[in-house]
Amino acid sequence: MKIGFYPGCSLTGSSREYNESLLAIAKGAGVELCEIEDWSCCGATAAHNLNKELSLSLPARNLALAELENMDELVVPCAACFNRLVMTQHELSEKEDLKKQVSDKLQMPLKNNIKIVNVLQFLEEHIVPRLDQLVKSPLTIDVACYYGCLLVRPQKVMKNERFEDPMLMDVIMQKLGANAIDWPFKTECCGAGFSVSKTEIVGELSGKIVRNATDRGAKAIVVACPMCHSNLDMRRPAINTYLNMKMDIPVIYITQAIALAMGLTPRQAGIQRHFVPVNLTVNR
Amino acid sequence: MNELIKKAVALLESDSVQVIIGYAEGTGTRTRAIFITRTADCENLIFDSRCVQNLAVYLTKSEIKKLGKPAIVAPIPVLRSILQLAVENQITENDLVVLGITPQSELVDFESFAAIEAFLSTHQIVIEEKYQETIREIKAMPVTERFAYWVKELEPCFKCYACRAACPLCYCTRCTVDNNQPQWISVASHPLGNLEWHIMRAMHLAGRCTDCEACYNACPMSIPIHLLTKNMLQDVTENFGTYGPSLDKLNTLSSFKPDDKESFIR
Amino acid sequence: MSKIGVFICHCGENINATVDCARVAKTAGELEGVEYSIDYKYMCSDPGQTLIKQAIKEKGLTGVVVGSCSPRMHEPTFRKACQEAGLNPFMCEMANLREHCSWVHDKNEATTQKAIDLVRTLVEKVKLNKPLYSIKVPVTKTALVIGGGIAGIQASLDIANAGHQVILVEKDPSIGGHMSQLSETFPTLDCSQCILTPRMVEVAQHPNIKLLTYAELEKLEGSIGNFKATIRKKAKSIDENLCNGCGTCTTKCPTKKIPSEFNTGLGTRTAIYVPFPQAVPNKPVIDKENCSYYQKGKCKVCEKVCPTGAIRFDQEDELVEIEVGAVVIATGFNIMQPSEFPEYGYGKYKDVITGLQFERLASASGPTLGEIRRPSDGKIPEKIVFVACAGSRDPAKGIPYCSKICCMYTAKHAMLYQHKVHHGKSYIFYMDIRAAGKNYEEFVRRAIVDDEVNYIRGRVSKIYEENGKLIVRGVDTLLNAKPVEIEADMVVLASAAIANPGAEELAQKMHVSYDSYHFFSEAHPKLKPVETNTAGIFLAGACQAPKDIPETVSQASGAASKAIILFSKDELSRDPLIAVVNRSPAPVFSTCVGCFMCASACPYQAIGEELITNRQGKVIKKVAKVNPGLCQGCGTCVAFCRSKSIDIQGYSNEQMCAEVVALLNND
Amino acid sequence: MTEFEPKIIAFVCNWCTYAGADLTGTSRIKYAQNVKIVRFPCTGRIDFMLLLKSFGEGADGIIVSGCHPNDCHYTSGNFHARRRWIMFRGLLDMLGIDVRRIQYSWVSAAEGAKWADIVNSTVNTIRELGPYTEYEKVAGYLEKEAKQ
C-alpha cells in the first residue's frame, strides 16, 4: 500500500513544525509517506468564492497527480487543504460531466477514487494500532482537544455522527497517557480567516477558547489544523488584549504530542518554533 | 457393495418398500438405472464412481410410483435433489427410504429429511474452478461475440428434451413449452426456439438447481447448458447469500429481503 | 368470432389537437374482428355513452375498446355504460390516448401512429377478455382498534356508539397514551387528565368495547371485511377477575427504584405497578424484568399481601385469535431521544430535559406535584430556556419535517412556568412560530405579551455547564444577528416527534405502507387521509404524522366513520380480477403440480391447498387453490408458476401475450 | 436513409408507474413516441417470458417499471420482481443478450417528470445501440419459416 502525502503551503511555512513532527512520527512508526511530485495549491481559502471551476480544478490536479503515482491513500494534514480536496472529490463524484470537464481542462485522466484522509484518520489507521509499542514517555497531563471547523465538516461528506462533539483526537490523547478534558469548545470558531485582516475578532473568538481550556484545568491545547494553531498561538497577544490578562497555555499539534510521547526530542518535534513557550512535564 | 445388497434384500423381504431404485451394469462400461421388485434381483445392484445418473428423477414419475414405495440409492447429488423435492412438496418422509451413500462409498441411514440436510451442510455445493474459469472467459467476451458464441453452441439442439427428462426438478405435468395458449416458445428447433427454451429452462431452475449436471450428461449433443445453471448458482450466492436446498428456508425466487441489493434499477 | 366496437374520443381538442382521431377510428375499423369504429367529440358525455350503448345493442358487439383518457379516470364510467347495454363490463378496455399520447407528444404522423398502435393492442386484448362477475364477500362487523391513546379511544367510542363491536388493543398496562401524561392543553389550558379520564372510563364500561391491555398484535391475515387477527396478551401475572385493584401489592413491593415510564424517568415505580393513579383498567401488572421473584427466584411479597389471592407467577402469554372486518391503527408517536445530539448535553446534564418531561414536572399529579423543580437538586429554576425544533426541521439529524406540535406546547410550557414562577425568566429559541389553528396565534401572543416570555429567533449551537449554570449559546438572528449566551438553570428541549419504535414491523405485519420516517402512509395525501393502501385498514392520530389533540380526535372520528360505512352493508362487492388455478379433464385434473412456490410468494396468504379425490375418496392430487376472498389480484403468483397453471383474470397470460405481439407488429 | 426509430415496449404496474405516466401527461411533459405502455396490475405479475417474447417480436428495447421498494400497492410484488430481475439479468448477460436494452426503474405516481426522463434516456440509449439486429437475425428464422 502506497500512502501519498500532500503538505500544502502552510506546512512548508508557518506550520513547519506540523510537517516535521508528522514525518518524524511516521518514520518512527515505520510508515512511509510519499510526497506528491510537483504538487500545487489546493485553492483554499479564496478560490471557491471566486471561480467554481478553478476551485475544483486546483485540488483535482493534485488528486490526478496522486493517481498517476498509484497512491492508494492520500494524507492531507492541513485541515483547509483536506476540506478542499475532499469536497472536490465529493462534488466530482456526484457530477460525472463536471468531472469530465475538469479532467479535460487539466488534460489529465481523473478516476477520482483515491482515499483522502486527514491527519486524525491517518493516525487512527496507521499510528494508533502501534502506539502501545511506540509510547515511551506518557504525557500525564490534562489537555483540551480542539478540532476547529474544517476537520469534521461538512457532515454529509464526513459522515461523522458526532460532528458537534468529535472524539477521535480525545481517544488518541488518552492513548498517549494524557487526560482529554470534557469541554464544550471543541468545534468553536477560532476566527479562522480573520487571522490577518481582523485580529481583534480572532482575539475575542480564540480568547474564549483559550480561557475556557485554562479554566477547565487543561495544561495544553491540542490541535490538528495550521489555521487553528496560528490563531491560538501566534495571535496570543490579541487574545491577551481581549482577555486583559496573560494566558500561558501552550498550543501543540497532535503530531507533536505523539512525537514527545514517543520519546523524540522537543527539537525533533519542532516545539521551539512556537510563539507561546511549551513547557510540558513529560515522564521520562 | 454387499452391504447395500443386504439392505435392499431386507427392505424388500420385510415389505418395507416395494421397489429399489438403484444402479446396475449397463452396456459396455456404462451403468444404468435399475428398478428391483424381487429380492433375487438385488444382487445386480452396484455402486461405484461410474454411477453418476441422478436417480431422484424417478421419484416423481408416475410409472415408478405405481410400483409402490421405493428405496433409493442416493449419493450426494441424489440427496440434494431429494431435499429440494421435499422443499417443493413433491415427496414426504413417508414416501421413500433413502439409502444414502457417502463420498467414501459408505452406506448411511437417514432418519429424516432434516438429517439429510444436516449431512449435506458438510457437503456444500461448490462450482469447480474449471467451470468458474470457463464462465469468466465467456463473460469476458464482448457482448455480440458472447451472443454469437451461444447461438452457435445451441445450434445443434434439436429439442429432444433429454435435459428436461433427466432433471429431477423438471417434474411438471405440463411443461410451458408444451403450452400453446399462448405459444410461449416456438417448438421447432431453430435458433430462436432453442435460445428461448434454454433461457426458460435455466430461469425455471433459478434458485432450485442443485448442480447435479444430469441435464448436461443427458444431452446427446453435449451442449454445455450446465454452464447456464452454474452461472445462476453463482449469481444466487453473490446476490442472496448461501445456497443449497433447505427445509426451513423459502425458495430464493419466491422470497425476498426488503434490502436486496442491485445496481441497475433507476 | 369477435365483434369489437372501437370508440375514439376527441376529448374536445385534448386528443384531437395532436392525434388524427378520425384516422385512428378508420384504421381501427379495418382491423380483423372490429365490427364498428367511430370517433366522437366527448365519449364520456351522455350522447357519447349513448353512442356506445346503441352500438352494443345494434351491432351485437362482443367487446368494446374506448380510446380516450386514462383508464384510471374513466374505466368505471365506460364499464358501467357497457353493463347498462347488456355487455359484461369486463369486456370493455381503454386505450390511453390522452395522458400517454396526445398530451405528451407533438402533432405529427408518429403521434397518430402511436395512437393506432395503442388501440390495436387493446383490440387484441379485448378479443381474449372473458365475462367476469363481481365477488361477494361477507363482512364481519367488528373493528379492531390498535392503540389506546386518545385516537384509539375516540375511534373505539365512535364505532361502538354506532352499534358495532370493537376490540381495543393497548400495549401498555393502561389506556390513555401520551395525552394522559400531559399537564394542561393548549390553547385553553384545561387539564389534560380532566378531559381524558372520563373517556377512558367510558371505554372500559362500554358494552360494545372489549378492552385488551398489555397486549399486542401478533399477526394479521385476511382482507377487508374478513381479517383474522392474532393478539398476544402479555402475561400480567395477576388474575384480573380476582384482583379488586386495592393497591396493597404496589405499596408493599420492595423493588421501588424503577424509573417510571409514565413520569418519563423523573419518578419511580415498583415492580408490580399501575402506571398512574387514574389508569384504566386500574389493576396492576408485574414487570418481569425488574421483579425480584422473576429475576432472583425470591420475594413473592405481593402474593403474601394480596387479599384476594390474585397473583399468578406462572401465568404465560396468551395468543387469542379474533375475527374483524376493519382495523383502525392508532399507535401514536414517540419523541426523539435528544441524547442523539451531544451539543445539547442531554443525558450529560440532569437539568437538560425534554418537553415531555416538562409536562410531568408541570402536572399536578407529577413527581413534583406540579411545581417546576429542576431534576438535579430540586431547586426552582430562576432562568429557563426552551429550545424549539430540537431535531425537527434538521436534515442533519435525519428529520427534515416539522413536528407540528412543539411551537404550541413550548409556548404553553413557558406560560405555565411564568404562572408558577412569577419572578422567573423564560426564553424560547425558535426558527419560526407555526401557530396555525383556532386560537393558536392568540395563545402565543398571550405568552409573549401577557406572560413576558422572551422569544429569540435563532438556533442554539451548544449547551454546556459552567459554574453550576447551563450556558446556552445561540444566535439572535433578528436586528443585529448577534450571538447570545444565556446562563440558565434549566433547559427544555422540544425534541422531535418520531414514529414509534416497531412501527415498521407493525406495518409489515399488516401489509400497510409507511414513509421513510416510518410513519404510516395514507392512501392519498388529500382525498384519502384516513385510509391506507390496504382496504379495510384505517389510520387515526400521530401514527400517520405528528399532530395535536384536536386534529387527532377528528381523524379518529374520520377513521371510525370509514369503518362504520364498511359495516353498513352485509356484503362487500369486489373486482373479480383475481388469480385462478386451472382445471383440466381427468386424469390430469389440473396442470398444477403442487410445488406451492406461489403460496410462499403470495403477499396475502391467499393460496391454499386443494385435494383432488377419486370416487372412492382417495386423494389423487394436491394442487394450489386461490381463496377469492383474500386474493387482491397482484399476479405475482402467475409470473412464478413454471407450468403456467395459475392465471389472473383480466391480465391473463394469453391477453398479455396478445398485447405484446400486437404492440410490436405494426408494419 | 431515414433515422432509426427504436421500437420500445414498456411493462409497467398500474399503481405507480402507469399513474406516474398519467401525471407526465397531465403535466404536459413531452417525450419520445417510441415507447408504448402495456399495463400490468403489479411488477410481480411481469413474467420474464414476456420480456423474451418482446425481443422475439422485434423490440429494440424494453422498459420495466413499478413502485419504489416499500411502496408496492400489494406490499411485496416489486420485491419479488426485483429478485427475478436480478436473476434474469444475470442470465441474459451470460448469454450475450445486451442487458443495456432493458431499463428497469422505479417510478412512483408522483414522478411524472422521472417517467419522461426514463423514456427519453432509454430511447437515446437504444438509438445509440442501434437496431437489435443480432436478435432479429436469430428471430428471423421464424419469419422465413412462416413464408415458406
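So that you can tell them apart, the chains are marked A, B, C and D in the order they are listed, and the count of residues begins at 1 in each.
Keep this in mind: a residue touches a chain if its C-beta (ideal position, glycine included) is under 8 Å from a C-beta of that chain, and two chains touch if they have at least 3 such contacts.
Everything numeric here is computed off the predicted structure, so don't read it as measured data.
S.K.: Which chain pair shares more contacting C-beta pairs: B-C, or B-D?
M.R.: Ranking B-C and B-D by C-beta contacts puts B-D first.
S.K.: Going by C-alpha centroids, which chain is farthest from subunit A? Tell me that one.
M.R.: Relative to subunit A, the chain whose C-alpha centre sits farthest away is B.
S.K.: Indicate the whole-number Å distance between the mean C-alpha point of subunit A and the mean C-alpha point of subunit D.
M.R.: Spacing between the chain centres: roughly 51 Å.
S.K.: What is the distance, in whole Å, between the centres of subunit B and subunit C, each centre taken as the mean of its C-alpha atoms?
M.R.: Centres of subunit B and subunit C (C-alpha means) sit 46 Å apart.
S.K.: Just curious, how far off is subunit B from subunit A if you go by their C-alpha centres, in Å?
M.R.: Using C-alpha averages as centres, the distance is 62 Å.
S.K.: Where the centres are mean C-alpha positions, what is the separation of subunit B from subunit D, in Å?
M.R.: Between these chains, centre-to-centre, one finds 33 Å.
S.K.: At which residue positions does subunit A touch at least two other chains?
M.R.: Correct list: empty.
S.K.: Send over the residues of subunit D in touch with two or more other chains.
M.R.: 48, 53, 70, 76, 80, 84
S.K.: Going by the contact rule already set, what residues in subunit C reach two or more other chains?
M.R.: Residues 601, 640, 653, 657 of subunit C each touch two or more of the other chains.
S.K.: Every pair of chains that touch: which are they?
M.R.: Result for touching pairs of chains: A-C, B-C, B-D, C-D.
S.K.: Would you tell me which residues of subunit A are touching subunit C in their complex?
M.R.: 155-156, 162-165, 183-184, 188, 212, 215
S.K.: Which residues of subunit D touch subunit B once you look at their complex with the stated criterion?
M.R.: Touching subunit B from subunit D are residues 48-49, 52-53, 56, 69-70, 76, 79-80, 82-99, 103-106, 118, 134-135, 138-139, 141-142, 145.
S.K.: So in the complex, which bits of subunit B are touching subunit D?
M.R.: 135, 138-139, 141, 143-151, 176, 184, 186, 188, 190-192, 195-196, 199-200, 202-203, 206-207, 227-228, 231-232, 235-236, 239-240, 252-258, 260, 262, 264-266
S.K.: Taking the complex as given, what residues does subunit D use to touch subunit C?
M.R.: Checking each residue of subunit D against subunit C gives 5, 7, 9, 14, 18-19, 21-26, 28-31, 33, 36-42, 44-48, 50, 53-54, 57-59, 70-77, 80-81, 84, 116.
S.K.: Enumerate the contact residues on subunit C facing subunit A in the complex.
M.R.: 341-343, 396, 462-464, 466, 471
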